[in-house]
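Next, two complexes with chain A in common: one pairs it with chain B, the other with chain C.
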Partner chain A sequence: MGYIELNNVSFTYLLAKRPAMENVSLSIEKGKFYAILGANGSGKTTLCNIIRGFIPNFYEGEMTGEVMLEGKPLKDYSMEDLAPKMGYVFQNPFNQITGARDNVFEEIAYGLENFGVPVDEIQRRVERVMEMTNTAYLAEKNPFELSGGQQQRVALASILVLEPDILVIDEPTSQLDPKETERVFDIIRKMKETGKTIILVEHKIELVAEYADHVIVLENGKVIDFGEKHEVLSKLELQDHGIVLPQSVVLADKMRKQGMEIEPKLVTRDELKQELQRKYGR
Partner chain B sequence: MALIEFKDVSFQYPNGFSAVEHVSFSIEQGESIAIVGQNGAGKTTTVKMMNGLLKPTEGTVVVDGMDTRSFTAAQLSRKTGYVFQNPDDQIFHNTVGDEIRFGPQVLGFDREKTETLVKFAAQVTGLEKDMDENPYNLPLSIRKFVTIASVIAMDVDIFVLDEPTAGQDQYGIRTLETMLKILREKGKTIITITHDMEYVVNNFEKVMVMAHKNLLRVDHPRKIFMEDALLEESMLIPPYISSLVKDLGIKEDVFTQEEIIEYYLSRK
Partner chain C sequence: MQREEKQKNKIAALYPMTKFYMALVVAIITLLLPGIQLKAICFICLCILAAASGAGKVFVKRMLKSIGVIVLILLIIQTLFYPTGTPIFSFWIFTAKWEGLFVALRLSLNFAGAGGAIIWFFSLTTERDFVLALEKAGMSPKASYVVLSTLQMIPVMKKRSQTIMNAQRARGVETEGNLIVRAKVFVPTLVPLVLSSIQGTEERALTLEARGFSVETPSTHYYDIHPGPMDKTVKVLTTVVLIIAVAGRILLWVI
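Moving on, here comes the complex of A and B:
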């Protein structure tokens, strides 16, 4: 029995012609990092919403099948029980930022206030998370005056501060520059090390190859592949489904075709580097 | 004379925040240029001065012989089209078709020219099937193409694209690449801000590196991604092959997948 289980889940948005999610079954282990890949429109955000329970609660449409969390149907959890357990970072940070407070510090503290956390603990947790997400210098700013990248970091901070067991994160780095993006992945890695379960939508394949444990590949609302990252990301045929593969996989394939002896299933730059050093001395 | 000429340009926002300091460069007709650098480096402020959305507070910006301080943004926008970072900053119509048609209509193009431009714009951005859709029913990545198509339909000579690759999947990146090729063949000048170094390597021969409000370097990506000090100063992360070559301690000039394979085959 998985930590989170999807059993034959389908969902069709109201008035939509075809299902956004079709017969999806997945088993997610506690404390692992799952990356969701797929073309835009393949159902990545829908899957996140289903796992978080926003579908069917906040979206109209028809859902069949069942989602289980720790052996109990997700629909039997109240929103109050679920909110501290599962954090969701939206794709568009505008949707995350409540605007209920007029500076970034209070925006990040807002969720904890709602959970009734004591003031000194709020102070401590918010400061820690601002340090982690490089948002401390924005503390006094109005959340709506921030750049896209700054908003994205504040949105992430406002969820991290709640310290949920499960983090569902939808494209957290689309507005970030490369260094900021690495910082976000570093934060996610640290979250995983503290036992959190991570479910992440991300197009940046090199970072997925480096950080994720498992990969879920979607196409037209269906899971077309799911498994350990080395197994999934080394399948060249996924390119025919519009999936970008890590450059190590593509380069190693070309090297093999030129007669070089390169082991299969190397997905990160570091793995290919080590193989090249082993076989060719450099 | 260059198509775009920045001479010792600085820009300070009205609140006193200085975003660009003493930047000089020139861009020739038909060039295709990537501007890279960290958030806050001054990239967006720089490109906004190319179509008069911002006027330099010091120095001069001349676009096709026009000193931008002597022309309105409306006049300059006939020459330079700007695609915003966030598509929702520039979408106002109920259908994709109306949105794309709006520009050429406002510019007073006749019906035939308007329709030819709209058709071309929809074609190169892959939007032909979405013309009757409400833009807000389309994913953000496709909405970005709606704003690009709107600018193409205005028949401008200079395209400024602010982070077109953000949030794009493989289909989106390929569409962008094909589109750039077609626009270049038509002699258009293209200036793209991007964080995607693989996109830079695959599509641009000239790169402007910005950092802390300054222009550090204009050069071929092959040169730029080999210079550790420059990369460090601008906080850039080099593309895959350059990083791999560096990790492996290869000193030779190796920049593409083909070159690294050749390197190994020749060492055998």
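Moving on, here comes the complex of A and C:
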């Protein structure tokens, strides 16, 4: 029994011709980091919404199958129970600025206010999260006047500050530079170390290969592959489905074709480097 | 960095509800008292109050822009078009009359007193403080969210429509010129603006949900305001003034 279970879930948006999610079954373990891969429109965001319960609670459509959280159907949880348990960072940063507050510090504090957290604790938690997400220098700014990348970090901070057990994060680095992207992955790694379960949609494959534990690959609303990252990301045939594989996987394949003997399932640069040093290094 | 902005001015630093009560009383008294002289005295008192609360400049500017315009129109129309009465002067087909002037002055002073009180209140109080005070007085947090977010969204929308306009200008669409030209641009500007806002609304509603907006537990306020020791005194004094004015009005009416 997984922490989160999807049993044969299908979903068709209202008025849509074909399902956005079809017969998806997944089992998600507590405290692990799952990356969702797939082309645009393959259903990544839809899957996130299903896991968070916004589908079918908020988006209209036909849903079959069942989602379970800690052995209890997700639909039996109230929004109130779910909000502190499962944090969700949306794809579009602009729409995540609530507009309820006119500076970044209070925007990040807003969720804590709603949950009735005492003011001195708010102060502590917001300051810590701002430090972590490199948003402290934006504290006094109006959240609407930030750049896309800054808004993206504020959106992430606004959820992190709630310290939910599960983090569902939809493309959080789409507008970030490499340095800030690395920072986000570093935050996620730290979150994982504190026992949080992470479900992340992300295109940057090298970082997924380095940080994630498991990978879910979607195509046209179906899961075409799901498993431990070394197993999934080393499958060259995924390239035929438009999935970009890590450089080391592609490189290792080329080297093998040149007759070099290289262990299978090396997905990060470091793993490949070590293997090469071991076999061919002086 | 708790945001507890301490107002230097004692009047400006009063609790929003206290200031609102003062404004209300000024408006009531102005409307209640008869005669141009008494109303004029009320208005002068309001001006003194505005100056004393350190908002003189803003008050005058806002008054001229809003009430000033109304008063000017009233004066011209009433004075020149009052049907009968003693002429002051006349030119061409118009005759200015004393009676018209008095009616106009009466109305103007009512506007200046009541409208001015509201303007005074908002030159001293941020919307944020006012909404927070209302929320603490029992207004629903949903209503306060709607007010605050709307106030915040207006400049964002303005900027966005500017961006769309610029994009269209870059594509060679004429955005400047006469009314018809502008009207033609209006629709293609509005459609993406409205569509993107509607699309955003859905996600923003979910964002609020994810931030515990509809959670029943009483929320805390990071930025908070409380009535100070002065507030009670000011409220009592204001009430005394109100009672005296009402009593005086009844007395005038009886004798």
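What we mean here is this: the second predicted complex is superposed on the first by the 281 of 282 C-alpha atoms of A that agree within 3 Å, B and C clash if a C-alpha of one lies under 4 Å from a C-alpha of the other, contacts with A are read in each partner's own complex, and residues count from 1 in each chain.
Criterion: contacts are C-beta pairs under 8 Å (C-beta built on N, C-alpha and C of every residue); 3 or more make two chains touch, one makes a residue touch a chain.
In this text, all values refer to a predicted model and were calculated from it rather than measured experimentally.
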item	value
Partner chain(s) touched by A:105 [first = chain B, second = chain C, both, neither]	second
Which superposed partner A:40 touches (first chain B, second chain C, both, neither)	first
First, second, both or neither for A:177, with chain B first and chain C second	first
First, second, both or neither for A:147, with chain B first and chain C second	first
Touched partner set for A:18, first chain B, second chain C, both or neither	neither
Chain B versus chain C as contact partner of A:95, first or second or both or neither	second
Partner chain in contact with A:250 - chain B first, chain C second, else both or neither	first
Which superposed partner A:158 touches (first chain B, second chain C, both, neither)	second
Common ground on chain A, meaning residues reached by chain C in one complex and by chain B in the other	92
Residues of chain B defined as touching chain A within the complex	37-40, 85-86, 139-142, 163, 166-172, 195, 197-198, 235-237, 240-241, 243-244, 247-250, 257, 260-261, 264-265, 267
Sites on chain C touched by chain A in the complex	1-3, 128, 145, 148-149, 152-153, 155-156, 200, 202-224
Residues on chain A engaged by chain B in the complex (per definition of touch)	38-41, 91-92, 147-149, 171, 174-182, 203, 206, 242-244, 247-248, 250-251, 254-255, 258-260, 269-270, 272-273, 276-277, 280, 282
Contact set on chain A toward chain C in their complex	52, 54, 58, 79-80, 83-84, 87-88, 90, 92, 94-96, 98-103, 105-106, 109-119, 122-123, 139, 142, 144, 158-159, 162
